[in-house]
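A quick write-up on the structure given underneath.
Just so it is clear, A, B, C and D label the chains in written order, and each chain counts residues from 1 on its own.
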Amino acid sequence: MHHVSEAPGAPLRGIIPPLVTPLADHSTLDLPGLERLTEHVIGGGVHGLFILGTTGEAPGLGASLKHELVRRVCGSVSRRVPVLVGISETAITESLAIAETAHRCGADALVLAPPYYFPATQDELLGYLERLAPQLPLPLFLYNMPYRPPVFAPETVRQAMTMPGIAGLKDSSGDMCYFQKIRALFADFPHASLFIGPEQLLAESVLTGAHGGVCAGANLFPKLYVALYHAAVAGDLRRTVELHGEVMEVCRLIYEAGHGASSVIKGLKCALGSLGLCSDFMAEPFQRFGEPERRRIAEAAQRLKASLT
Amino acid sequence: MHHVSEAPGAPLRGIIPPLVTPLADHSTLDLPGLERLTEHVIGGGVHGLFILGTTGEAPGLGASLKHELVRRVCGSVSRRVPVLVGISETAITESLAIAETAHRCGADALVLAPPYYFPATQDELLGYLERLAPQLPLPLFLYNMPYRPPVFAPETVRQAMTMPGIAGLKDSSGDMCYFQKIRALFADFPHASLFIGPEQLLAESVLTGAHGGVCAGANLFPKLYVALYHAAVAGDLRRTVELHGEVMEVCRLIYEAGHGASSVIKGLKCALGSLGLCSDFMAEPFQRFGEPERRRIAEAAQRLKASLT
Amino acid sequence: MHHVSEAPGAPLRGIIPPLVTPLADHSTLDLPGLERLTEHVIGGGVHGLFILGTTGEAPGLGASLKHELVRRVCGSVSRRVPVLVGISETAITESLAIAETAHRCGADALVLAPPYYFPATQDELLGYLERLAPQLPLPLFLYNMPYRPPVFAPETVRQAMTMPGIAGLKDSSGDMCYFQKIRALFADFPHASLFIGPEQLLAESVLTGAHGGVCAGANLFPKLYVALYHAAVAGDLRRTVELHGEVMEVCRLIYEAGHGASSVIKGLKCALGSLGLCSDFMAEPFQRFGEPERRRIAEAAQRLKASLT
Amino acid sequence: MHHVSEAPGAPLRGIIPPLVTPLADHSTLDLPGLERLTEHVIGGGVHGLFILGTTGEAPGLGASLKHELVRRVCGSVSRRVPVLVGISETAITESLAIAETAHRCGADALVLAPPYYFPATQDELLGYLERLAPQLPLPLFLYNMPYRPPVFAPETVRQAMTMPGIAGLKDSSGDMCYFQKIRALFADFPHASLFIGPEQLLAESVLTGAHGGVCAGANLFPKLYVALYHAAVAGDLRRTVELHGEVMEVCRLIYEAGHGASSVIKGLKCALGSLGLCSDFMAEPFQRFGEPERRRIAEAAQRLKASLT
């Protein structure tokens, strides 16, 4: 049984793609694309799905579209793998509303980056978790967003892990000194899951004890990330390093076509589009790449698809 | 006539408080408080109101509450002064929905900080403005948020000012080298308004050519900020410096009771509450100050009220 | 009498150029250039000189060249105006050695940015000042470096101002909320001088109570900055704003030819070279501008020279 | 043969402690302590020594003391292991002088963090390396300093690696996405060494292909870090993770007694002092810990010494 809500059971493990949100336009899902993408990653052996995260462009989606996405994905997945739903809204009433929809539709857990408009102190964050967690109908993962220093200090994480309903941490900060510190303190919380965000760090994280990765590239090549995860868990170092090299190639060829933080998602959607999986329409304030980048990424995606293990 | 929408007429000028949002709880406005606060600032002679800004805790408010706030304030103000409405949502569909409500209710302008989840490049920002502005039913002010470097580079501001419907810039970055650069380039845009955010910089900004200030403290002591504005515009340097000293005292006594970015709003709401103007309930993830800070701020607010010019 | 060491007398006031260090090569001063530049600024009416600051490329100069510079400048100035000497070394023994040379050669004060390799806490900074100040033979100004947040917290500045021998603060951080806070607390320290760094902020700083400016552009056009200072002190607002506009033109035309933090000094040395004042050789890791930028700056410098008040 | 200068031979590998600089006072080395510490680490099996780095408090040491340190260490080591010497001065003439002393005394390589007073652009950095490298008498390692984003962009590193005399990179930035990118591009430069700084990341770095670590804790417990290095190189994952856990305990118990960036060096010197290895005198602006922290660290150091593998 996969349910993450069976705490204090075994922690969630494996590869959980942060699902791209296929869009037809700013207020419409690309439903066939969403269906294809969901089957693509489940068919690739992933251990769960995470929707409404950074890669899912959650901040750029309107409220009703977010609720529809939750309903659609939970319906399609139909409990074949756990579904995690981001509730990183800046307003608590909106977070609670999404949590309610997630619960009603059969999702398995929630994921929270704290309100990010302006930074809260650690005391304020802890108070917020204490007030929020009891109102949530599903287990909660904390989330450190990408491209920023970790929001949750290690001591805050430790205290949060003693609260009922807190299931673990997804760390996308890329700060591995922080990550190793969390990993060490999670020795005291055997029910808690620690997931790494940046896929460039998946190999080293799992080798040194992480439970898995929430890797953007697993939208595109789920089998690669699943294979890397299994190799690392099995302690097959040679194979792990080899697959890690392939992941680094995916990053180099797909994510670096543009400048700025949006380049990863633009590149990913562009590659998914070129492989016929879903639309590459971007939520504002971003737009799909222009022709030259699109051609370059399409070629790279084909080449990677042919060559990857 | 005050309407900012009469471009290319005279630019908006004066003191425009970023209105605090009085809350009864997380999903309910403190309506009597909102009414009292609105009359308090209009009675103090302010030149406009700005709702749904940082001081208004916009990111922490749910969508339906935001729309209700727009309706209530526009109704109460009833065109006595211009009303500016923040549309700094992370999703364009939500920004457009608030803009629509603002227009329908008789607001005069919109204010936009760009989606802040992750940073867009200057090219992406400019493209976003080009696509967004034509869809807006009211003139738009750009907005650099507080506690962060300016989001809009000077060259981006220059290009934005050539677009129809862009009315000016509200700069809360506190970066005065940037501000002075914008002031210099606004010489080419006589219709454009330049407003300063941090009230600590109101005196020097207006003395050197800004059109006014969007000052949090004007919720509390509107007459002080209006008097400072008029003294600076009149070139009465002695009086300006004297009133600036009083503003610095407000900042020192009201905003620095706590730590972190939320301390300004907490202190302000606490002072407003202690003077009987409105509730000091805070949107999550923040909470009102505890007893010691509240007592200290209440005493300071009474003392300031008695002593201010 | 100008001596800053006559504390608790009147604080130092006026325009104090952070003198460019004219170089023939990496280990040799351009002595004729240094002589011309010194006479140029003194002839322009400046109220003091500051050597071995950021604009003087102090970090890029070898130890023996620094000591020679102190001797040469103190000799040339020959007490016509106060000379301030930077001792912002990362090693205290080197700071003390320069302080000793400065004292022996007749300099009037020292200027200290704390060791900048890695940040000290405020307690560590305060302890450092307590141990350092008694060993210094001359009054000391604290210094917040450009392009960084202020190093000295307001409360640290307050405590430092109670130590014997601390004469004031030169703030180049550009953070005007900080600056206004310091200005307010200096009301308790009538002997202390508060100087602004970025010349874009000179007008507003002096209008609201600063004692003067340490402005890079005063190397080039000392009379402009002196005139602006006098206009602001006299409360002549119209004239102040007019001269402030000219300073903004100097900044725009001379400092922004390149990218990055070094562009100000490169532009300044280039302009000084083009006007025949001194060599434009830059200390490593920087180099003088290439031909296109040099030509553009030379033309701008000529035009400004002809047009400035 | 260990000489790193035999390029294009095999790259340097292993554990290279960034040697603490034992001080009697601000201008005097603790010579017996330096001797004991040197023998302690060589006896522990380290593969080289790095002096005048961050852990060696290089920025806080006066010039003559630095030169003396180079002479003393090279003399004591007497070519038993390679000696790397930091030349991260802010003035090129000082860097060249230390390089000269290092060469004359028999050191094997130099290590350079670029002038850090204000940031150079990547073009400026590359130009600096092109001018500097030919003047150096020994191979050069680039160095990204701790507690800061990487200074050398990947493309700059790639170009630098094609210059004669550039031997590799020591990355203390802690940014593992960056590190993995460099590791991937070093596939094209088989002579180049890639070393990790933060010891918390030693295990994962060597497992995924780094050549070794420049780990502060190897001053204290050299055998632990050497054993971890060998386990990781041998692909003994179980043992690597076990030893990594011990390193994390060293970090937790020794480095976190205080606040701020200096806490690591203070803790390390304090532990070395408590084990009788050398003085815990700190270069300004820092000072040794007070009694409570010293007692706590001394106990931890004894306990670790007894328990470590």
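Operating definition for what follows: contacts are C-beta pairs under 8 Å (C-beta built on N, C-alpha and C of every residue); 3 or more make two chains touch, one makes a residue touch a chain.
Because the structure is a prediction, the values reported are computed rather than measured.
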Set of chains whose contacts include both subunit D and subunit A: none
Farthest chain (mean CA position) relative to subunit C: A
Interface residue overlap between copies subunit C and subunit D, same or different (over half shared): same
Selected interface, A-B versus B-C, where C-beta contact pairs are more numerous: A-B
CA centroid of subunit B to CA centroid of subunit D, Å: 50
Euclidean distance of C-alpha centroids - subunit A vs subunit B, Å: 36
Of all residues in subunit B, the ones touching two or more other chains: none
Touching chain combinations (by label order): A-B, A-D, B-C, C-D
Residues on subunit D engaged by subunit C in the complex (per definition of touch): 26-27, 54, 59-63, 65, 90-94, 114-121, 124-125, 127-128, 131-132, 146-147, 259-262, 283-287
For the subunit C and subunit B complex, residues of the former touching the latter: 174-177, 180-181, 184, 198, 200-201, 203-205, 207-209, 235, 237-238, 241, 244-245, 248, 252
